[in-house]
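Order as written gives the chain letters A, B, C and D; numbering starts at 1 within each chain.
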Amino acid sequence: MNFNRKDLSDDQLRHIYIELLRPRLIEEKMLVLLRQGKIAKWFSGIGQEAIAVGCGLGLDKDEYILPMHRNLGVFTTRQIPLHRLFAQWQGKPGGFTNGRDRSFHFGTQEFKIIGMISHLGPQLGVADGIALGNLLKKNNQVTAVFSGDGGSSEGDFHESLNVAAVWDLPVIFVVENNGYGLSTPSREQFRMKQFIDKGIGYGMEAVQVDGNNILETYRTFKRIAESIRANPRPVLLECLTFRMRGHEEASGTKYVPQELFDEWGKKDPLNNYENFLLKEKIIDEAFIALNRREIKQEIEKNL
Amino acid sequence: MYNPATAPVIQPNSEKKTEKRYLDAISDGMRQAMQKFPDLVIMGQDIAEYGGVFKATQGFVEEFGKGRVRNTPICESAIIGAAQGLAINGMKAIVEMQFADFVTCGFNQIVNNLAKTHYRWGQSVDVVVRMPTGAGVNAGPFHSQSNEAWFVHTPGLKVVYPAFPGDAKGLMASAIEDPNPVMFFEHKGLYRSIAEEVHDDYYTVEIGKARLVKEGSDVSIITYGLGVHWALEAIKETGISADLIDLRTLLPWDQDAVEKSVRKTGRVIVLHEDTLTGGIGGEIAAHIAEHCFEHLDAPVVRSASLDTPVPMNVELEWNFLPKKRFVEQLKKLLTY
Amino acid sequence: MYNPATAPVIQPNSEKKTEKRYLDAISDGMRQAMQKFPDLVIMGQDIAEYGGVFKATQGFVEEFGKGRVRNTPICESAIIGAAQGLAINGMKAIVEMQFADFVTCGFNQIVNNLAKTHYRWGQSVDVVVRMPTGAGVNAGPFHSQSNEAWFVHTPGLKVVYPAFPGDAKGLMASAIEDPNPVMFFEHKGLYRSIAEEVHDDYYTVEIGKARLVKEGSDVSIITYGLGVHWALEAIKETGISADLIDLRTLLPWDQDAVEKSVRKTGRVIVLHEDTLTGGIGGEIAAHIAEHCFEHLDAPVVRSASLDTPVPMNVELEWNFLPKKRFVEQLKKLLTY
Amino acid sequence: MNFNRKDLSDDQLRHIYIELLRPRLIEEKMLVLLRQGKIAKWFSGIGQEAIAVGCGLGLDKDEYILPMHRNLGVFTTRQIPLHRLFAQWQGKPGGFTNGRDRSFHFGTQEFKIIGMISHLGPQLGVADGIALGNLLKKNNQVTAVFSGDGGSSEGDFHESLNVAAVWDLPVIFVVENNGYGLSTPSREQFRMKQFIDKGIGYGMEAVQVDGNNILETYRTFKRIAESIRANPRPVLLECLTFRMRGHEEASGTKYVPQELFDEWGKKDPLNNYENFLLKEKIIDEAFIALNRREIKQEIEKNL
């Protein structure tokens, strides 16, 4: 994986590292809690963190993001206090739904995050409306909304992209293309070569990015957001990535060939970025150890 | 369940009234709300320059501009979703279904997004979905449906269904003021066929309150929408002394008003244009049977359409609709 | 309304029985129907090699091939439409919703296409839509819904909802044999929690017939699905002598069986897991109140979930569900 | 308009002419009946007949067609007795729905035509299922299904094209691109330049044709059908055309600029083809007069 720091300072690069590390460590803890029966369900985003984190860092804090079930990094980059997230996942008071809904199915105006409902697709239309609001208010804000590759087969995907195109809505439609929808591989979900091939059919710009390269994702979100703020329009952003733990913990990974795990394991967004920073001497092992310890403490403190 | 805030009670500023048709009253209510709320946006198919297929938004684009009066592509789901997005972003939205029948293409957004969001994380969804509905217009199975019962069985929605121009205007204002999602049913057959003196000023009619259209002693007729007009005709025709209750709001419905009348008359017939099985009549009749049991002198009777789609042919359609059967059922009930 | 042809009454070829869980029984019914009807196709998300999220079609792709056991892209509407297309082209189809909650994304195809086609031009729509449904599994508002009432209020559909493995297998066979569109509800909470001796051979259980699960004299409990098991518990717990009627089919429902029991006991409680307002309980209670008025010794009581979405937290969920309230209501009804 | 007869015989060219003339004359009569209140509603296909007629002639008679509200030519090329159509439109017994549904909202196994419901979009999924049936039966039959340009914004359009692509279903998805959905022009419906730009986004072949040129439409349907029968797969066929009488009779045409009527009036499919045949001396005025008279008689006889 090639990393190009361009004009990013050492501090910025380190900050990005910490933001990428945090969701990974939180997830690792959650997987333990899941095995202990303390949370009911978990959709792992391990392997895909660079997309959510790139998005969270690339947009301004007061711009709405509509993430999905694998996008913990959106929540952590917005600095939601972890005890609130944990309470939410455990269905306890102090979360965002007071036990009424589960996992990432909530929104918060405080952090400008609007979570999905379970149904795949409806959040895309909601993003259109939020963006229309921004357009009418002329506040130059961008909205980002996530879809999986599988979920893109829903009619809502088409309707929402089309409306955004016709109305010049300032939305980034992020497709996390991880090659699977639950057990079903891409070849049984669609036939186009890549998602960016859908752009021309909506009269919409489309951009493809290596979803595992945090500097690429971050910079792409930032660049598109800046451009859209100046010149409101939708952009389709395809992020190529992979789910390293299958669909959700309960469903196993038997249906995924081992070669894919091997191949994508080498492309792990955190390891690769860490190695790059180590090689460039921007961080050292002590830095890593310190930050892992600090984040773990933060996690324990908030549980 | 709901955002507890409701529409304020607003009285008209003056006693000035003009004769308005049902359609004009709805249009008037929307126009004045557009003037009052600069953040209110209307979206729908062909609603801009064309004014909508029923012309409810005629002249709106000229007055409020294309930004706030928006022709949409032909897609119900994304637009209803967009309405929720506007609400999340602090605005208000009205979505016009071209015909109520087409709401099934945006059904998921309504029942799972609009209806459940406030319960889940406290966000109000300040959206009105306009539903030109109903039969008797010779338009066949896909332009005549009554589908209010699905929404009455969806916690989190409010469902409004005026029968008169004055109520239509005031309820439209309330629906827009109310921060909760409101399904606003408008009977197409009433658009141009009824008119009455309606306040020119902006005012609200409270959601959740029924109206005693006629007072009588022998029987309570509980109905709404076109049913109210059928009941009026039947009362005239038969000379029966009846309480005629127009529910006006179907969710939450006015249990107090209904119970009060039933306790007085001891006989009830529930009438609606919608089909019988699983219709709202079941809810109302069951409620009465459970909570007014000791006051009933006769079984609670339901009068409703046949359990089929709405046929197009005019004779088939009038056989499908309960209007004629209702009069017979009413007479029979009085002899029980 | 319906294609008058119904499923033939088929008795099992032998008395051989095996203990089967609810899920196995459904799977068995489908497998044997796949063997019997070479034109039967099953479609759904992850139903092929993966066997479906509940494993109801485990092993099917190996036995019947990928042509007839089809993983679909994630889109409910086109697939339900495709099922209708298969029927038009002389085949039979089963569509698995991954969760009943997601049917709202294919709602239009069901209520306007599947349900109305036979009425409109005489074409049968030989489709079964499988609906893994229900709460009590701590899965929150979007994986727990009971949405059978919408379909019971849609003329043209049949709605089936078994509570026991033996009925599940036989009703599945009938649903597939029946040329009309059938919504087949399966309670997720029952999949692995109940088992009984079930015939190994293929057989049908008639659609539209309720089952008297227990006989008693003091009260009639009318219910279906998980409610049947709650009622069984309640009867055991309280020692009350009750007729317990499992409706099994919700549309068309067995009015005769219900009326017969009510005439005997004079007291009725209708119980369902679904929310109260606008639920099926209204239909049944209203029907009883109208048609058994003179046989009632007490008001018809309804016991149902609170009018909210299904909360995730286990305490909230059990407070939402009527199980506990039901016992109180039942006892109170007996003292009326 | 350029007509290229290629290997079509004079007889074939004349036959095509008659098939193109018939729906025009029926419509003209219907417009009279509408004014007399004898039918309730009419969506005019005048100006677009070459598409429906090209489809009806291009497919085999035992192949399913799923037309829309403007596709009278599909019904007439399948030789449905006119009295049955008229009874249907007037809601009388003897039609196809016995008064239960209106206008073109019916299907008939006898003529292998499956009409739409009013809702735009659902017929596309139904076509998928019919085609799947053909694929499983291995009968090498093609299915054709129509959508308007406006209706293509519905989610069903996307879902159905995608399913057809993934499953290699032998379906021709016909988009009649007439520039309007009711009063709303294309620029408020979508932003892509042309419908064939959607092909690549589904991994689907896409073909564009002058929808007003009957020889082009006929030959394109025939060619695609033959190719799909041999090699099952979906094809998106965009037909460029125009509604010469607006959306439906009751809604007028005020919202359409006169220039468009002028421009497209010159491209009338019937006039142009007639002129070509006259010029080539394949027909003469007497032939035209005779056929008009015969069709009119047929119409009167069936009313």
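Worth pointing out:
Simple rule for what comes next: contacts are C-beta pairs under 8 Å (C-beta built on N, C-alpha and C of every residue); 3 or more make two chains touch, one makes a residue touch a chain.
These numbers come from a predicted model, not from an experiment.
Among the other chains, A has the CA centre that is most remote from the centre of subunit D.
Of the two interfaces, A-C and C-D, the higher number of touching C-beta pairs belongs to C-D.
With centres set at the average Cα position, the gap from subunit B to subunit C is 31 Å. Subunit B and subunit D, compared by their mean Cα positions, are separated by 38 Å. The residues of subunit C that reach two or more other chains are 73, 75, 77-78, 101, 104-105, 108, 112, 116, 119-120, 141-142, 309, listed in rising order.
Of all residues in subunit A, those touching 2 or more other chains are 97, 100-101, 105, 117, 119, 121, 153-156, 159, 162-163, 166, 188-190, listed in ascending order. Chain contacts in this assembly form a complete graph, since each chain touches every other chain. Against subunit C, the residues of subunit D that register as touching in their complex are 64, 96-97, 100-101, 105-109, 114-115, 117, 119, 121-134, 136-137, 155-156, 159-160, 162-163, 166-167. Residue ranges on subunit C touching subunit D, taken from their complex, read 39, 41, 67-68, 70, 72-73, 75, 77-91, 93, 108-109, 112-113, 116-117, 119-121, 123. Within the complex formed with subunit D, the residues of subunit A that make contact are 153-159, 162-163, 165-166, 187-193, 197-204. Note for the complex: subunit A touches subunit C at residues 40-41, 91-92, 97-102, 105, 117-121, 150-151, 153-156, 181-184, 188-190, 251, 255. Taken together, the subunit B residues at the contact with subunit C in this complex read 1, 101, 104-105, 107-108, 111-112, 115-116, 119-120, 141-142, 149-150, 152-156, 251, 275, 277-291, 293, 296, 298-302, 307-309.
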